[in-house]
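Note that subunit A is present in both complexes that follow, paired respectively with subunit B and with subunit C.
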Partner chain A sequence: MSEAYLGIDVGSISTKGVVIDRDAQVLASRYLRTQGSPVVAIRRLLRELGEMVGGETVISGAGTTGSARRLAGVIVQADIVKNEIIAHAVAACRFHPEARTVLEIGGQDSKIIILRDGIPVDFAMNNVCAAGTGSFLDHQATRLSIPIEDFGGLALKAKHRVNIAGRCTVFAESDMIHKAQLGIATSDIVAGLCDAIVRNYMNTVARGKEIRPPVLFQGGVAANVGVRDAFERALGQPVTVPEHFLVMGAVGAAILAMEETEGRQTRFDGFGTADIEFETRAFECDGCPNRCEVIETLRAGQVIDRYGDRCGKWSEAVVQPVR
Partner chain B sequence: MKATFPLLGYDTYALKTFVEDLGGEVVLPPATSKKTLEAGVEASPELICMPFKITLGNFLEALDMGADTVFMAAGARKCRFGYYHYLQERALARSGRPFRLIPVSQYSPYAFLFRLMPVTFGVSPTRVIRSVAVMFYKAGLTHEFRALLNRRRALDFAGTERLKPRALELLEAARSTSEIRAARRSLRRLLGCNGSRPVLRVGLVGEIFFMIEQFANGDIEKELARLGVEVVFERSLLHHLRHLLHLDWSFYRSRRLARRYLRECPGGEALRTVGEAIHFVEHDRVDGIVHVYPFTCMPENIALEALQQLTEDTGVPVLSLSFDEHTSRTGLQTRLEAYVDMLRRRSRERSISRD
Partner chain C sequence: MRVGIPRALLYYRYGPFWERFLAGLGVEPVVTRRTDKELLQLGLQHVSSEVCLPIKIIAGHIADLKGRVDAVFLPRMVWLEDELYACPKMIGIVDIARMMLGDGTRLIAPSIKRNFLWPHFRAGVEMCGSPLRAARSLARARSLLAGPPVALRLEPGEKRIALIGHFYNIEDDYIGQPIISAFRKQGYRLVTKDELPESVLRGRQGFAKSIRWVFERELYNAFRFLVGSVDGVCVLVSMGCGPDSLIAEFMKEEAGRRGVPFLQLVLDEHTGTAGLVTRIEAFLELSQRRQQLTRAA
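And then the complex of A and B:
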């Protein structure tokens, strides 16, 4: 029987889960599409991870991260619920302690984390729109009917990279169509798009940040060799994609859970949680003109969590608090 | 006359005391809410900055409650804020409500003391000067209250939140100088924390409205306190009033310090933002700087570049947050959490390496 830790990262587009051992070696990992319903995705993730690790492994700690970290934390009864920045930074430092810059592009957000001696010292997130993130690449691949897996490879075949406007997805798309109508090869356009995404990233997210080597590139978009190549061209230095780049957030959450449960019992009560019914519903509070939208989560018909109220009258009324 | 003016967080109490001391009746709109913002957005040009929309919403709500006279700060110096009142007057007229808007220039203290206020309220200039003194005194009280609250809340969040209604009562009720003195003593007793200090402290800088109005900034001081962080600040109505009377020494210090990064004033409060940030880092030894401003604010966007330089030179991270009506609370929460986590890890590392 070995000790293991569970990490779950529920993002807008994908849901990632890993089980790691005490040395942060990944025992099992799973990458699913969230498809708009995180509850379903989390339950499926638990079931599949449970099957992968088998009955021998005991989970001694669980952590969640990602935009639905709170919901995931409530469902799996996580020991720690942490934001994506810290989770990514922790995982990056574990596998590449020498790293000084982490570029992360996910489904709908992108961030940069500056590390010095293994500590995050500065970060930034895209704050206005999702231009240049995974979902836009996904959309363009679908539009050109190229499988997303081949999209990046196509960019490497480019002979003359064209210039695509990357500030806004709407402009980028019309620019791409315009270039295609001029008869420019698809590979050149895709390469131009990769450049545009990198340019947009450097001008918004990474603006004013000092990018020092070694540079890590993680998150779903790191799978795209075209974007990675564009980053290397723009930065003039090699960019490393870590082995578990897809699930780094989840790995970070698992490492944080390991730190958190040091010397005490986990609250996680097994992969069997996947079989319990969960429901999430929203209502508008009419207590004041703010009309907050309150989200509540029910576990087997019982309210276990509420949030979204500014004043706290609903969230504080729940008996079992979430850390 | 039933007077109203924009809500300015806790400093609203100081303005209210001033108008009441002059013998005016004050009609305060309800605390700024999503409804206020919606009303303001509907009556505003789309691309104008957030403070315009929020204050216009406040005026509309106050007029509905029977206010007939609107006081709005005016006077343009390198920022479009000075022109707000012209546009707001038109927007209010379009809404069909009867009212009178009195622009109060920020840059003519003598006209204010000897002409505008005496004529508006039918009192002598001596009386106005006395009321201004009371307002100063009260603004000092709200400033101190906020500082006490921020520290106490960071140490004991739930306990302090329970004390807050009582503290606000004390704050609102104090009207004369002797009452204000008594309230100050009571507040210090109520919210004092016997010299203990939270582990993490951040300095708040930016555009003044966003620094003092809780609805506008998502009550950032409260959210940071919930995470155990004390917010240190310098600017409030008190300093603004001092500045208008050319009595604000901290401004000259900020301007001098800011010269390190900005040779010219790019407008608005950019010099103060940068100078205060440098002061907080070098003098108060804060762990971080939080910079808040409206999304389209040109001066603060320039200050942002200077603050990035500051980070590079000193290693103190700056969290810049721009706000507009689309700003999501979840996004704000994620950034604040990540920022505080980062500060905590840094300070832990520092204390380990010191041992």
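And then the complex of A and C:
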């Protein structure tokens, strides 16, 4: 029987989960599409991870991160719920202690983390716009009828990279159509899109940050060799994609859970949680003109969590509060 | 006569003074409610999407007054001292208000240029018809201009963040509250420029002298005064605010030079509370980890 730790990262586009051992070696990892239903994705993730690690592995700690970290934390009874900046930074430092810059691009989020001597010292996240993220690439790939998996490879074949406006998906799309109609090769356009992503990232997320080597590139978009290549061109230095780039946030959450449960019992409910009925529902509170949208999570018909109210009237009324 | 005062922008500095002044004239001051989502939505319908959040908010308050008061009282703050101006949008909001209110609701908008009381006096006469009454009311309300005495008290050992932002952003419940509570939840004490004496805020030493926007000069002076004695600096910037974005860069650079953790939060109507809280949490945690590790080393 070996000790292991569970980390779950629920983002807008994808849901990631890992089980690691005490040395932070990844024993099992899964990457699923959230498909608008985090509850379904989390349960599926638990079931699949449970099957992968088998009965001998005991989970001694569980952590959650990502934009739905709170919901995930409530469902699995996590020991720690942590924001994705810290989770990514912790995982990056663990595997690449020498790294000084972490570029992370996910489905709708992008961030930069500045590390010095293995300590995260600064960060930035994209604001409202998802133009320079995975969804943007996904959308444009669909538009060009290229499977997203082939996208990066195609970009590497470019002979004359074209300039495409990457500020906004709408402009990029019309620009792209225009370039295609001029007869420019698809590979050149695809490379141009990769450049546009990088340019957008450098001008918004990384603006004003000092990017020092070694540079790590993680998150879903790191799978795209075209974007990695575009980063290397823009930065004029090599960019390393860590082995578990896709699930680094989840790995970080698991490491944090390991730290958190040092010397005490986990609250994690076991992989059997996958079989319990969970439901989320939203209602608009009419207590004041703010009309907050309150989200409720129900476990087997019982309300276990509420959030979204500015005043705390609903969230504080839940009997079993989340730490 | 019922005279409306929007609870936004300069209200957060002059509100009590205005209310007493108007009441002393024999008119009934009607102050709008605290900003909420409904008022913000109302504001968004009336102004260009390019303007900053506080302007969108005040537009909502003005729209809310339309039709339910006889007049709206909205002084136009142009400048306070020589070469020390309010921002163009704050000056321009009066014209936006005039367009919004149309002919149905009067707009009483004394222009404040260096002399603060005289334009108020004239507006008072306009409202009550009696110079004597206006002068008396002004004299009685005047004591409220000074505000409560300030004294910055820093307790040893407390975790402290300097929250540098305009009073009309910080004090507006809708904008400021989620930010303030996110810091407090993590056990931090927030220091704002409200705790600093006027002599500090109005200082003209060094770079402050070349800042010609009255409120930005205050922010910068507050930053300079506090940066050495806090665990981090959080600057609130309204999206689309030129002066803010410029001054914030200088503060960021200086904080970086001194090794003080620095977080810039950009506010607009799309900013979800969740995103702000994530940033604040991550910021505080990064600063803590950094401190722990430097202490260990």
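What we mean here is this: the second predicted complex is superposed on the first by the 323 of 323 C-alpha atoms of A that agree within 3 Å, B and C clash if a C-alpha of one lies under 4 Å from a C-alpha of the other, contacts with A are read in each partner's own complex, and residues count from 1 in each chain.
We take it that a contact is a pair of C-beta atoms (placed from the backbone, for glycine too) under 8 Å apart; a residue touches a chain by one contact, two chains touch by 3 or more.
A quick note: this is a predicted structure, and the numbers were derived from the prediction, not measured.
Chemist: Would you mind checking whether subunit B and subunit C clash or fit side by side on subunit A after the superposition?
Modeler: clash
Chemist: Once the structures are superposed on A, label A:291 by its partner contacts, choosing first (subunit B), second (subunit C), both or neither.
Modeler: Once the two structures are laid over each other on A, A:291 reaches both partners.
Chemist: Which of the two partners, first being subunit B and second being subunit C, lies in contact with A:199: first, second, both, or neither?
Modeler: In the superposition, A:199 touches no partner, neither subunit B nor subunit C.
Chemist: Looking at the overlay, what does A:120 touch: subunit B (first), subunit C (second), both, or neither?
Modeler: both
Chemist: Please work out whether A:100 is in contact with subunit B alone, subunit C alone, both, or neither, and reply first, second, both or neither.
Modeler: A:100 sits against neither subunit B nor subunit C.
Chemist: Considering only the touch criterion stated at the top, classify A:16 as touching first (subunit B), second (subunit C), both, or neither.
Modeler: neither
Chemist: For A:83, decide between first (touching subunit B), second (touching subunit C), both and neither.
Modeler: both
Chemist: Name the contact category of A:208: first (subunit B only), second (subunit C only), both, or neither.
Modeler: both
Chemist: Please write out, lowest number first, the residues of subunit A touched by both subunit B and subunit C across the two complexes.
Modeler: Shared contact residues on subunit A (touching subunit B in one complex, subunit C in the other): 67, 83-86, 89, 117, 119-123, 125, 127, 208, 288-291, 310.
Chemist: Can you name the residues of subunit A that touch subunit C in the complex?
Modeler: 67, 83-86, 89, 117, 119-123, 125, 127-128, 208, 288-291, 310
Chemist: Of all residues in subunit A, which touch subunit B in the complex?
Modeler: 67, 82-86, 89, 117, 119-123, 125, 127, 207-210, 288-291, 310
Chemist: Across the complex, what residues on subunit B touch subunit A?
Modeler: It comes out as residues 30, 33-36, 219, 304-305, 308, 311-312, 315, 317, 322, 329-331, 334-335, 337-339, 341-342, 345-346, 349.
Chemist: Going by the contact rule at the top, pick out the subunit C residues touching subunit A in the complex.
Modeler: Per the touch definition, subunit C meets subunit A at residues 33, 36-39, 174, 177-178, 249, 252, 261-262, 266, 268, 270-271, 273-275, 278-279, 281-283, 285-286, 289-290, 293.
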